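Here the chain labels run A, B, C and D in written order, and each chain numbers its own residues starting at 1.
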Amino acid sequence: MSPGAGSPITKKGILERLDAGEIVIGDGGFVFALEKRGFVKAGPWTPEAAVEHPEAVRQLHREFLRAGSNVLQTFTFYASDDKLENRGNYVAAKISGQKVNEAACDIAKEVAEEGDALVAGGVSQTPSYLSRKSEAEVKTIFRKQLDVFKKKNVDFLIAEYFEHVEEAAWAVETLKESGKPVAATMCIGPEGDMHGVLPGECAVRLVKAGASIVGVNCHFDPDTCLKTVKLMKEGLQAAKLKAHLMSQPLAFHTPDCGKQGFIDLPEFPFALEPRIVTRWDIHKYAREAYNLGIRYIGGCCGFEPYHIRAIAEELAPERGFLPQASEKHGSWGNGLSMHTKPWVRARARKEYWENLLPASGRPYCPSLSKPDGWGVTKGDVELMQQKEATSDDQLKELFKKQTFKSSSAC
Amino acid sequence: MSPGAGSPITKKGILERLDAGEIVIGDGGFVFALEKRGFVKAGPWTPEAAVEHPEAVRQLHREFLRAGSNVLQTFTFYASDDKLENRGNYVAAKISGQKVNEAACDIAKEVAEEGDALVAGGVSQTPSYLSRKSEAEVKTIFRKQLDVFKKKNVDFLIAEYFEHVEEAAWAVETLKESGKPVAATMCIGPEGDMHGVLPGECAVRLVKAGASIVGVNCHFDPDTCLKTVKLMKEGLQAAKLKAHLMSQPLAFHTPDCGKQGFIDLPEFPFALEPRIVTRWDIHKYAREAYNLGIRYIGGCCGFEPYHIRAIAEELAPERGFLPQASEKHGSWGNGLSMHTKPWVRARARKEYWENLLPASGRPYCPSLSKPDGWGVTKGDVELMQQKEATSDDQLKELFKKQTFKSSSAC
Amino acid sequence: MSPGAGSPITKKGILERLDAGEIVIGDGGFVFALEKRGFVKAGPWTPEAAVEHPEAVRQLHREFLRAGSNVLQTFTFYASDDKLENRGNYVAAKISGQKVNEAACDIAKEVAEEGDALVAGGVSQTPSYLSRKSEAEVKTIFRKQLDVFKKKNVDFLIAEYFEHVEEAAWAVETLKESGKPVAATMCIGPEGDMHGVLPGECAVRLVKAGASIVGVNCHFDPDTCLKTVKLMKEGLQAAKLKAHLMSQPLAFHTPDCGKQGFIDLPEFPFALEPRIVTRWDIHKYAREAYNLGIRYIGGCCGFEPYHIRAIAEELAPERGFLPQASEKHGSWGNGLSMHTKPWVRARARKEYWENLLPASGRPYCPSLSKPDGWGVTKGDVELMQQKEATSDDQLKELFKKQTFKSSSAC
Amino acid sequence: MSPGAGSPITKKGILERLDAGEIVIGDGGFVFALEKRGFVKAGPWTPEAAVEHPEAVRQLHREFLRAGSNVLQTFTFYASDDKLENRGNYVAAKISGQKVNEAACDIAKEVAEEGDALVAGGVSQTPSYLSRKSEAEVKTIFRKQLDVFKKKNVDFLIAEYFEHVEEAAWAVETLKESGKPVAATMCIGPEGDMHGVLPGECAVRLVKAGASIVGVNCHFDPDTCLKTVKLMKEGLQAAKLKAHLMSQPLAFHTPDCGKQGFIDLPEFPFALEPRIVTRWDIHKYAREAYNLGIRYIGGCCGFEPYHIRAIAEELAPERGFLPQASEKHGSWGNGLSMHTKPWVRARARKEYWENLLPASGRPYCPSLSKPDGWGVTKGDVELMQQKEATSDDQLKELFKKQTFKSSSAC
């Protein structure tokens, strides 16, 4: 596919594409997808698989590329040095943050060569910030990852998954030092960041810090994320600022989330299966995102390659082409016309899938949950970085707190 | 991992393992997993990816191996020549069934060398049978795949996914010609096969046809599959026959299925997400399968590597070891003790996950569906093999039939 | 309405009606309806309101009569002397069973005169039987109620709400001593009575004991009750016995019940609201009961007058007339054509209500429950009659047992 | 009970009670309760039963009184002359509005004598207002009912069930002409009235019009109603106005309602059963209403006497006594200590019922619905008063509109 050494030179940059009104399709979240495949540990959620199992990371990049992604994010989520040594994590000591970031860049660049995709280096929120470290200290953490991104010459940068706009703006300012375009997404809902800064104001601060693209990622379902981006858009308009919009929601239905999103749901992270969105939910999401003026449309945790393909299929009329992976998918289910059973062939059409209200198969389960959420934020002792593993005594304290809550509130 | 050329010689065969009382962990279904990744087309569900995208097939085999699978099934589901040219499928003409079967064997064998896994060559039900072809004709179809399995010297053979015991017995008889051990699974529930033969009787016929291992795969959820295998076990006991038991259920909750299983559910195959089982559901399944005396325990459609890992983790006390992939998973969620948020750390324990009733996040959806199922079986004109693609007129007829049904019954 | 003194003489008896193929509409259960109105205590469920609040009992009889009931059952449920002094109940001592039974007869007869309804004297299961009293002792208990029914000259007798066919047959034999027609219903489901006697066999024993009408009442929803009556019908046919069939189900959806019915559901008796059936559910029930050959069609706990009216409206084509209360109800909701809001007027038709799947408005609640049921029956110490109120210590023991169950099984 | 002629003189008035900080318990809605009993027609919802079936109205008053109601509202809902002749209603022509209003007063007064209850004369919204009649014309309609209330000398007056504050204020002004205390409730939610006037502003206008007590009734569930009253309270505080607060919510769960409340739910009015609140829901409601400072606490459609009793039982510690009907109800279910089955006795406690999440028994139904609501209000042609019955052609037009909606939106 890739014509070789010359190709990177001819690729249009992220801002060229967006400025020209092109739709840019993002990829999906790696930590959830690779956790299911056996390469990421839930809890720390760190990306050492880039070093330990590069073929697994490479394969997932390829699947997203094939599904239609125009951006491959380096698998550097939570790859800051402080996170890699938090609560018993061995990665900083045994591998080193630099090696993880370098390996992630190499893999993303290798796969990007196979198609028309850009590579984006990504940073995300840090334990240092939650532990009340200074702006200078937090920026130093970001700068270590940025050094790798500069050395590896990624196409642009993303500051993603921030719960506090203060830290997000620090990240954007640091990334801007590179001179490359910067996108910034926060994992917030319509209620705003953990300090109560509303989405419109968050967007304004991010653009003022230097971001060319702003939006949300993670923590909420597509519907909620679009509401939040809409509020960001309105905030920017009111402030007479210009920026491209971006959304990378969860692939889980979360109408019952509180301010902090799906982390608080009792099902997080090991029983979210009944909430997984269908490809048809994603068709709806892609159309609504487009109608809202968002042009960088991707996903986050829970997205599998077929979800990204659904974005590309929904927007194929606007883009003029289908992704490679559609060779294995009839739009709106028309591949079912090849099914043996006649009543399954009868499902080979848009009207059927668009209107279906799928059952959970779980009659003993409710449809909504009451979120946890203990109301703690930056600086709270229970959020502080801690090198040692959580001790049994610490866990027992938490178990008690949990029990108390459920017996009083359930 | 693999010590090289000598290792295949030292691997214990499937019957040696089972006869010794060992637990054998199967793998999960490939067509659903690879459909989500973009390499298999829903509708035909044929395995040409073995030729077209070998790296994707290889990666999935590796993930299951790493998760604990002791058997790697060749990706030859629906790879019979008649299926590869059904209803517009191009595979027979452009690639050939032989090449698909050979490539699938090569990949499975390559990965099996990397661990302690056996390779099983698999055949499944054929359009020829549904189209009323003769026993000799149907056996000829199976024999073409068997020729490849013999040439590639797989470790044993599986006849799987049969709705009619008559055809399953023909498959077993054909596979037995090779002299290798044969396992046989039917995709039936407690009501028995499509002709009304009960599970106990099905098991008896399969053993008499030559199967050393019998059980069920696909079409129903773990609970239902275990009920069916229990009936098979009782049938064998009543007939004083001996065989090992095997179960490879769906990873979807299907309490509302009719006789033909999840094919009939309105959500099949593109809106099954809310029905996906959690890893904790699989813990329960693995324990109950073990308690029922089943020793070949695996999965089918919907199983991802983390589901197989859950079988291996549940049965680790009996087996004495954890699978490789558990380096990225704390048993019963204890990796969450490394999570930043204290209320998530509080979920790092068995009691929490074992008792959780997860919400669907879909308050406008019901918990159960009424299955379709038009009551057709072998020989019905609508099930006949047809080389040409389903025509628009044929589809319109089916759409009408569907509409009529829903307006009268909904 | 009633033409006066002459009318009782001209009323056709219950067997005359049924033998002539007429549909006989029963009434609904009194204890649940009067509990909601404030005249019956949940727990003992005894009918002392016949003495204490006769106007309330009279009004409910009138409402059922007006809704279409052809039978008014005396409000003598659980009015046996042993029940009226069980576990701290004051009725036996302060009022006397005889007075309760007499008052109940007087009220029913008074209201029956106002229309074309028969009065049926009813007995039900006794604590004496559960406490292993002898056949003679139990029959003596029934005979005391029967003496009143004979003295008040009710039209026929019903032995209802029996969990054990042995006791039901004793009741029938006792009631037959009067020479009046006897109907007998058991509160069992398709699994049969608490001793495992199947419905077909129960029906046979009841007919052999002297019942002219047999069926089921209470404990299960309409669907389940009809399944049970069908089994009774088949049992009678196999035994070449003849009897009229009768059904008086709950007005609660109970698809999740175990063998002992709704008593075991965690919602019994104070949180059954979400399970209450609609009038349209009753239309379906009445039609299916009719199609099954049942001609005595009524209800039990949960039935309100509008549910009985729904039976009468559904079967109006067969009967040739509507009940009085239909002056306040347009069939299939057509009274809504008088509603102010146009979108409510649009609901004035059968198609709308017949196909509606009503929401619970409770997104945090499941759709099914797991029944309790501690597997105890006749003779178990915890079921024994006890004159004193349940002591706090006894309750604490039970609370512990309950807690243990929910923490281990929930 | 009643000591005779002298007693009315000694009863404390509504404002005396509220000014003294007493809790005043209202009654429940009559039209829904009597529809189930067979005396009110759904659609017109008019109260001619006061003339046609006085014993039924009397009995329901008594049940509410016995359950703890301190106010008996005259059964004069929708008894304005224009409503009694709307869309084919015969009441105006055959009975006359005056007779209905008089009979309703007589019955309420008769029952009020039996206990410590006040009689409140009630008016509600009119078709005249929706048909754009003038203020003078609408007030004339109210004045005709008021004339009866004055003649019958009721204790105070209630203007209830108004969707537009403009009309409600007209009603209050008219009722104030009598010199008696006036309470005013609107059937609105937190979004305000049909013209977009917010709850706080509605409360202010009602107090300025002369109401001494303001609040909400009908259309929404307890939770939503309390939110609305809270907004009213805040509006009054901001305006430095004083008034007593009042709430009379539905006994149906309606979290999915739109602005116009339960009228728009597809289940209205004939399939609301799964939404009926339990007595424990009402305990919670009564406590929260009390904590919010509401002292006139009652119910509306769906409330049965046992729901009112639950208010009285919850607030018994504050009031110092239980209602009469509690002789037939152990607080928090402790009457179950008299139940035969031990596992039901184990439910005789607060902890059990308070934490239970009751199942619907309807696994094929969703938990929430999408409301209709065609966005019409005062002056829209489809809301206009019309003496003739809705014609078949008019209905067909509406059916089409409904069908169009459901096929495009479902």
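We take it that contacts are C-beta pairs under 8 Å (C-beta built on N, C-alpha and C of every residue); 3 or more make two chains touch, one makes a residue touch a chain.
All values reported here derive from a predicted model rather than from experimental measurement.
S.K.: Under the document's definition of touching, what chains do chain A and chain C have as common neighbours?
M.R.: Both chain A and chain C are touched by B, D, going by the contact rule given at the top.
S.K.: Which chain lies the greatest distance away from chain B when centres are computed from Cα atoms alone?
M.R.: If we average the C-alpha coordinates per chain, D ends up farthest from chain B.
S.K.: So the centre of each chain is just the mean of its C-alpha atoms; given that, what is the distance between chain C and chain D in Å?
M.R.: Centres of chain C and chain D (C-alpha means) sit 32 Å apart.
S.K.: Any idea how many Å lie between the Cα centroids of chain B and chain D?
M.R.: 58
S.K.: What is the distance, in whole Å, between the centres of chain B and chain C, each centre taken as the mean of its C-alpha atoms?
M.R.: Computed from C-alpha means, the inter-chain centre distance equals 49 Å.
S.K.: Multi-chain contacts only, two chains or more: what residues does chain B have there?
M.R.: 256, 357, 363-369
S.K.: In the complex of these two chains, what residues of chain B are touching chain C?
M.R.: Where chain B meets chain C, its residues are 355, 357, 363, 366-368, 410.
S.K.: In their complex, what parts of chain B are in touch with chain A?
M.R.: Residues 35-44, 55-56, 59, 62-63, 66-67, 86-89, 127, 130, 221, 252-256, 263-280, 304-306, 309, 324-325, 327-330, 333, 335-349, 352-353, 356-369, 372-374, 376, 382-383, 389-390, 394-395, 398-399, 401-402 of chain B touch chain A in their complex.
S.K.: Could you list, by residue number, the parts of chain B that touch chain D in their complex?
M.R.: 256, 363-370
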